[in-house]
Amino acid sequence: MVKRQTAILRRARPAPPFWEIHLALEQPPEPGAYVLADLGGPLREPLFPSEIDSAGFVAAVPPGHPALRLLPGAEIDVIGPLGRGFRLNPDGHPLARLLLVAQVGFLPFLQPLFQAAPAVALVVEATTRAQLPAPTRFPPTLELTLVTLDGSAGYLGPLEAEGAVPSGLERAGPRLRELIAWTERACFAFELDRYPALAQCVSEVRIQPQADLAQALVRVPMPCGVGACDACRVATQRGERQACVDGPVFDLLAFRRE
Amino acid sequence: MVELAPRHKYGLTLTVPVMPASGTFGYGDAYQDLVDVALLGAVVTNPVSLRSRRTAQGRRIGVRGDAFVVHTGWPNPGLNRVIRTYSETWERLPIPVIVHLLASRPEEVAQTAARLSGVAGVAGIELGFPATISVRDARATVEAAANEGDLPVIAKIPFGRVERLAPILAAHGADALTLTAPPRAVLPVRDERAGAVARFMRGRLYGAALFPLLLDTLSYWARRLPVPVIACGGIASPEDALACLTLGAAAVQIDALLWREPALLDTVARALVQPQKPDSVLAESSTEQPGMEDEE
Amino acid sequence: MVELAPRHKYGLTLTVPVMPASGTFGYGDAYQDLVDVALLGAVVTNPVSLRSRRTAQGRRIGVRGDAFVVHTGWPNPGLNRVIRTYSETWERLPIPVIVHLLASRPEEVAQTAARLSGVAGVAGIELGFPATISVRDARATVEAAANEGDLPVIAKIPFGRVERLAPILAAHGADALTLTAPPRAVLPVRDERAGAVARFMRGRLYGAALFPLLLDTLSYWARRLPVPVIACGGIASPEDALACLTLGAAAVQIDALLWREPALLDTVARALVQPQKPDSVLAESSTEQPGMEDEE
Amino acid sequence: MVKRQTAILRRARPAPPFWEIHLALEQPPEPGAYVLADLGGPLREPLFPSEIDSAGFVAAVPPGHPALRLLPGAEIDVIGPLGRGFRLNPDGHPLARLLLVAQVGFLPFLQPLFQAAPAVALVVEATTRAQLPAPTRFPPTLELTLVTLDGSAGYLGPLEAEGAVPSGLERAGPRLRELIAWTERACFAFELDRYPALAQCVSEVRIQPQADLAQALVRVPMPCGVGACDACRVATQRGERQACVDGPVFDLLAFRRE
């Protein structure tokens, strides 16, 4: 990890609502890892890569994000790369099948993985149809499953729910389980409080899952990024862990309820 | 060189009067890639309790302009595990380690202080108190730490309690005082899902805006207390640190502002280690009666 | 409608629980081009003393991040000239005028309160105290104002003195309490000609960063005091004002943040005059026990 | 006085060290008057006109001024025009002779008056030669007198000093008195603490000066601009006055010592 000055190369909005900020950085963070950027506020803000290229990386941020006060050419001070990102091929051999599952606002965290395997399936959950991204935004190789909480498009969410559904609608749960059974690795990006139930889904489908079969990116405030402040602690089955250094990507099953 | 515990048999000597504040720097090595600890006078650890403590529920961080509220509940694995995990680090560090203890019941503090006295690398104890602790409990806690351990004891005074606690704790065993712990604060929490301000969070307040309150307290108290005073609260530059020394502080703690700028610790340390030339910053007023523009 | 002096024979009824804080708004008409006072609940004047006071010497303004220190010495031409100059304005204003008195010796305050009782347009007195006033002097001052005048008396509690002063002043004649006066603060002054920090300035601190301290104080004290509480300190938005009311304040004062944004007064007033719908901002927690995320 | 949004039209640095910021404003402040601008800090900052044109006005600010964080196109919120500026023709008849006297850093305050009369004399005092502006910067009609405190160029200052001087140097005082005797109006722009002595000079030369013969611009912090905060009070012979509304331009002789 280092601290350095970097420049904003470009700002664009190819995929609303997100803004994309292209940062020059010699050693960009891996997918799921981050840098802490000084954006003018009293605390640094984490920036996660939604794309990684030879010049640096792109961070996709929502409207109102403090990074949007900066214009192309602005110098910013970043600390990083920080944290542990997604671990896709721990045994050294490349993946054939990858499952990505995200609530729509967290989609940028998984974006760098859209082509990380020959077969990638993506499940996106949104509150309603209007929030869903256009399917044309994704690489054609991606197998897309859309889920809405109000049933206005795709499967009916939330992903972890069970029980009867109004006629004409189909629950997302069985579809998710299918994909979990199919994949070699699954990467999740949701609010922390969704993970216990999602972990439950995984452990029901995969009886003796190897470590890191399903991985979960945890988004909590991370003021220091180095394990000093304890503001980012999350409870796991093995005790509390610091999202900034032990994560932000954890084994999803660490969030199973006892 | 500055002596923080002149009344103590071993003393607590710092080569540079600069250290991180408890709760901002981890247990000694979290910032190893970003801060050169060898430049600092000491390290103060995150708060440690006798038994383990869990993380607080609810919102942890709330930003308000250039200030922010932090709420962690001081999670830690308890004294024995902290010692097991970090004693090697502490022994290796080239500077004194001050362990911050969450002051609970005096018996517990006595136990904790005794246990720490044997640990290599640990050169002092800083006691933190609940913001509303009674004078009696605070005094008993300090006495317990001073009598049952053989390490110098620094008492970190809660914000707003200086007048009632500082003179008494200095008279009953505290070798030095840290003025002050961050103030308790309450902030409305915007629940993003509901889109409305529905709840509040409670925590400790940090920010450069608190520095003028620290200087006000120092300007009155630093020279009236019989023990060295460590200034803490919103110090954001070498000039701020020098202002604290000018008003009578023996040393400074850099608090959560270092999260944004870890280099602040080294920058302040470098500025304070240089012998101050007669015409240097603040020199004009570094006399017994620093130049206040107005006595009012 | 909010009644700020329920125990007083005349009372002090505001149509909207919003007013400027003393020292920020002049004597009633300074902001006539920028603020629609008819929207406000009351005007609080700049501090008035029995005899005239001159402007303080030295630096008047010091900025620290998004906070700032102000040092004026409360200059004013003395009670009689203030009344002569402004009584017509006060009579003409469509809202109650609360005259802020610099509380000096009780005999003087008695004289001042009596003198103001006859003045048309004046509906109340707010007493300001030196930050280090003794409990005895503060109590005698409030008693003098309450007994010798027939106007409702609001006591503005110095920052950091709530616990010691508020309950006692409420028990001895204060019809309402303002929590709190701005804290005293000290800031290094950079002497631009010398290019070095050579002196310090003392003054009162303003800034949005103080608001979390105000909420902390309100969260404990507002419901424990037997009189209405007026919240003051760093309120920067309608949401802030609503948070104060949720925590038990009867009204709010907007302080020096209105210099940057005079419209803040009207904005807050408009937000507070609307009947709050059950699902409106803050409604979830506007019960007796507002939802703190954690009791710690 | 009104409160409105305005735009920064242009930023340039034709006369270092000052930066010029061109603001669109329908009713720009008169010379010596000002607007209070919200430049992002906790307090508004006064901006004085160094040039006034049909689009608005130009404010010349020193390096590091908060206005320089804003780029052309930025919208800023201003309150104004505020205060009483210079009063050049109170009897309605135009001036023939005008004297301007400034310390070099305050020169922009007098700049809008450089051509306010057929004959304008300008006295500029600087610490040393390097701080003096190039004479080519001024309109050729301007009669320029340069003064330095170290005698490195022009007359030897300070303007109000008397007594012997090293050989080869000439005191500025007599020259200033000459110009005061000559002019119909004199406008001064100095730090407040210089005015008592400068007022003394004027009252020695002009025995029964009419009101406003010599005028002094007072630069003190003005947080509110409307007479509400009392932070800008200055002591005058007739009691304390508020720089923001009673000034910023006062009769210089109000600062005479008793």
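Order of writing sets the chain letters: A, B, C and D. Residues in each chain are counted from 1.
Rule of thumb we're sticking to: a residue touches a chain if its C-beta (ideal position, glycine included) is under 8 Å from a C-beta of that chain, and two chains touch if they have at least 3 such contacts.
Note that the structure is predicted; figures quoted are calculated from it, not measured.
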If a chain touches chain B and chain C alike, it appears here: none
Distance between chain centroids, defined by C-alpha means - chain B, chain D (Å): 48
Centroid distance [mean C-alpha coordinates] between chain B and chain A, Å: 37
Chain A-chain D separation of Cα centroids, rounded to whole Å: 58
Multi-chain contact residues (two or more partners), chain A: none
Multi-partner residues of chain C (each touching 2 or more other chains): 65-67, 207-208
Topology of the chain contact graph, where touching chains are joined (line, ring, star, complete, other): line
Touch relationships between chains, expressed as pairs: A-B, B-C, C-D
Chain A-touching residues of chain B, taken from the complex the two chains share: 23-26, 30-31, 33-34, 46, 54-55, 60-61, 63, 65-68, 70, 72, 74-76, 206-208, 256-257, 259-263
Contact set on chain B toward chain C in their complex: 56-59, 62, 64-67, 69, 71, 73, 160, 183-189, 194, 196-202, 205, 207-213, 215-216, 218-219, 236, 239-240, 242-243, 247, 279-285, 290-294, 296
Residue numbers on chain D that touch chain C, as the complex places them: 1-3, 38, 41-44, 79, 220-221, 223-224, 226-235, 240
